[in-house]
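You will see two complexes here that share chain A, one where it goes with chain B and one where it goes with chain C.
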Partner chain A sequence: MTRWRVARLVKVRDENPSARTLVFDVPGWPGHLAGQHVDVKLTAEDGYSARRSYSLAGPEGVELTVQRVPDGEVSPYLTLDMEPGDELELRGPVGGWFVWRPDGPAPVLLVAGGAGIVPLMAMVRARRAAGADTPFRLVYAVRSPERLYYADELARPDPGVSVSLAYTRRAPEGHPRPPGRLTAADLGPYGEADCYVCGPTGFVEAAAALLVELGHDPARIKTERFGPTGD
Partner chain B sequence: MSTFTRGFRGRRRGEDDRLPPGQYLAEDFPVLSAGPTPHVPLDRWEFTIDTEAGQTHRWTWRELTALPYEEPAVDIHCVTSWSKLGTTWRGVSLDVLFEDVETTADYALVHSYGGYTTNLPLDDLLDGKAWIAYRYEGEDLTPSHGGPARLLVPHLYFWKSAKWVRGIRLLTEDWPGFWETAGYHNYGDPWREQRYADD
Partner chain C sequence: MQTDHLDGNALAGPLAEIFTADVSAAVSRCATCGLTGPVAALRVYDRAPGLVARCPGCEEVVLRLVRGPDAAWLDLRGAVSLRIPLGGANPGAVATDGGAAGGG
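Up next, the complex of A and B:
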């Protein structure tokens, strides 16, 4: 796991105006579980290097979806400048906790806030790839339609997976749910499930508290937080 | 031999010898935890030290906060690569709490409200290296940062500084904790870049 491997960019796909999916060819990649992440290292010609962690978006191979942070050091390069054929180094997979295994028997509730969809989408894709029949429910909170990741894929029927979108600021015309922050009604009614919550810190704090309120066992709620805190 | 990334320049912030290898400076204070944030009412809060001989030392919130405190200013280093320099805390040194504890144990397993655990050698908790901290930058520690109280052991990666700390069990054998059994390094020295199990 600790070995840095050379990763060559082979394909890019814009998810929306500020996020891009990057598919890498990584010789010797050992495989990974849905929910794991990689450490990425970019080295400038003078030897300066920067590292970041990104969640893996797919069940196989190395596919990352990166949100551009306007003032960021690494994400503008990955989402705007990097071209197929360019190389970086990465190592992983990392993380043995926030993972879903296709043989897990319990129903799964996924709660995503913004870019937090990435490791949860990896779980949806891993379920499909494995032909598992575990019931999945995905609740995806996103600021506005142009912030959505994987829009076409989420709109396609995937038997056993129910997807609800919760727009928090602005919903598309005709969307049944008025825009607003995530509520218990978006996550309920309670049903026994393994819960995975991923998103910005404030979102995860709020969503995990709602799940506990609804009756979910805190020991079955796994969370992954990123970004600065609200306090 | 490193692979160069064509066209990447990065944003040099000047070398800082307080930054361990592979770390970058964070302006804010990111949060990393594995489950919902527990909320512990102060009138039911307690901190315990259990020795290998089965003795329990116990402090209520009132008792802990009445003990002599220190206000360390320390650099903290998270395994996810951010570091924050010169953070200020208020807390009780573990040396104070261990004053009357009789033990020959070499290992400590720290446990938290919410079920989190982390392990470290007892020596890493003593001699001015660790605190039970309850204030951060002049404010009470918020639940999302581990309040009401967290362990602060800044010379190791920050996952060792258990949030929502509830107690320490002293053990004669090492017992890996939560992240230590999930692929992270058993000791976690940022200066030797001990991030993952086989580093």
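Up next, the complex of A and C:
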């Protein structure tokens, strides 16, 4: 059984104008696999509590990146109000299916839609931390440059990891790909790989269908959806 | 395209409250159409009292979970079986205390 633990915020880092990374100290944290998530519980003084699931962003420790959803119950607190020293309850790590292990030999294709980058970034970071040489390819679909997470880290060379950005609404000047929704051309050409797709539900359905169209085995496509809002 | 659902990954936390093994990594067989697949790939609707997981093949209910103040109700009538991976070599071993940390 997985119990609720008290997590104390120790550090925050803005990723972009509407998202920030929160680093927590969680005594007794048992460690986790890249791709796993935690359930977060906030309880108001009157006893009302709200729960949300957030993917772990790094290979070690409890680090979450949260997108602020206007009118959300939880994300405005996490992205604007919560300060180092404040505490919340969380449960995890949970989820043993949408995970990547550094000893996996197969090439990996990661497909992120918006905030769906978080568990996939955990996989990229876990690969680097383990010194694995598994070939990784990351295709990251994002609305506009202001919505990018981990921009500096993704721009730095990481041998064996290729990163393509697919802007869907507005691209920065000089970007080679015109803005538009993800296509088979963005994900191709086909190469045998374990595929991980994470993003809003509609994005995941579309991207998984494109992968099948390209020839990927549906049994090797793992998906994680975070619903229409992510909050 | 329906976009109002999550998937069975969202069941991992609520089911971890009940079971030691990670049920989201289990393979379920739908009682209606016979489709087998990971619980993580079920369609999960959470805009209801509790969680309703439906088969991605036929849309029938496979599993329902309602958490009350002092008990959980788990309705598995739509699942013929669950194959739950156990043991150190499986990817479904979720850490409890001292568990599958860091792949170890």
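Here is the rule we use: the second predicted complex is superposed on the first by the 227 of 231 C-alpha atoms of A that agree within 3 Å, B and C clash if a C-alpha of one lies under 4 Å from a C-alpha of the other, contacts with A are read in each partner's own complex, and residues count from 1 in each chain.
Quick note on the criterion: a contact is a pair of C-beta atoms (placed from the backbone, for glycine too) under 8 Å apart; a residue touches a chain by one contact, two chains touch by 3 or more.
Note that the structure is a prediction, hence the values are computed from the model and not measured.
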| item | value |
| --- | --- |
| Fit-or-clash call for chain B and chain C when the two complexes are aligned on chain A | clash |
| Partner chain(s) touched by A:Thr65 [first = chain B, second = chain C, both, neither] | neither |
| Partner chain in contact with A:Met82 - chain B first, chain C second, else both or neither | first |
| Which superposed partner A:Gly47 touches (first chain B, second chain C, both, neither) | first |
| Chain B versus chain C as contact partner of A:Arg225, first or second or both or neither | both |
| Partner chain(s) touched by A:Pro102 [first = chain B, second = chain C, both, neither] | second |
| Partner chain in contact with A:Thr134 - chain B first, chain C second, else both or neither | neither |
| Partner chain(s) touched by A:Val94 [first = chain B, second = chain C, both, neither] | both |
| First (chain B), second (chain C), both or neither touched by A:Gly28 | second |
| First, second, both or neither for A:Thr201, with chain B first and chain C second | both |
| Steric overlap of chain B with chain C in the superposed model, located at which of 6-14, 24-32, 60-68 or 96-104 | 24-32 |
| Overlap of the chain B and chain C footprints on chain A, listed as residue numbers | 1-2, 39, 53, 94-98, 201, 205, 222-223, 225-228 |
| Chain B partner contacts - residues on chain A that touch it in the complex | 1-2, 6, 39, 42-45, 47-53, 73-74, 77, 81-82, 86-89, 94-98, 201, 205, 208-209, 211-212, 218-219, 221-223, 225-229, 231 |
| Contact set on chain B toward chain A in their complex | 2-12, 22, 24, 27-38, 80-81, 114-115, 142, 144-145, 178-179, 181-183, 195-199 |
| Chain C partner contacts - residues on chain A that touch it in the complex | 1-2, 28, 30-33, 36-39, 53, 59-60, 91-99, 101-103, 200-202, 205-206, 222-228 |
| Residues of chain C defined as touching chain A within the complex | 1-10, 12-14, 16-20, 22, 24-25, 38-41, 46, 85, 90-104 |
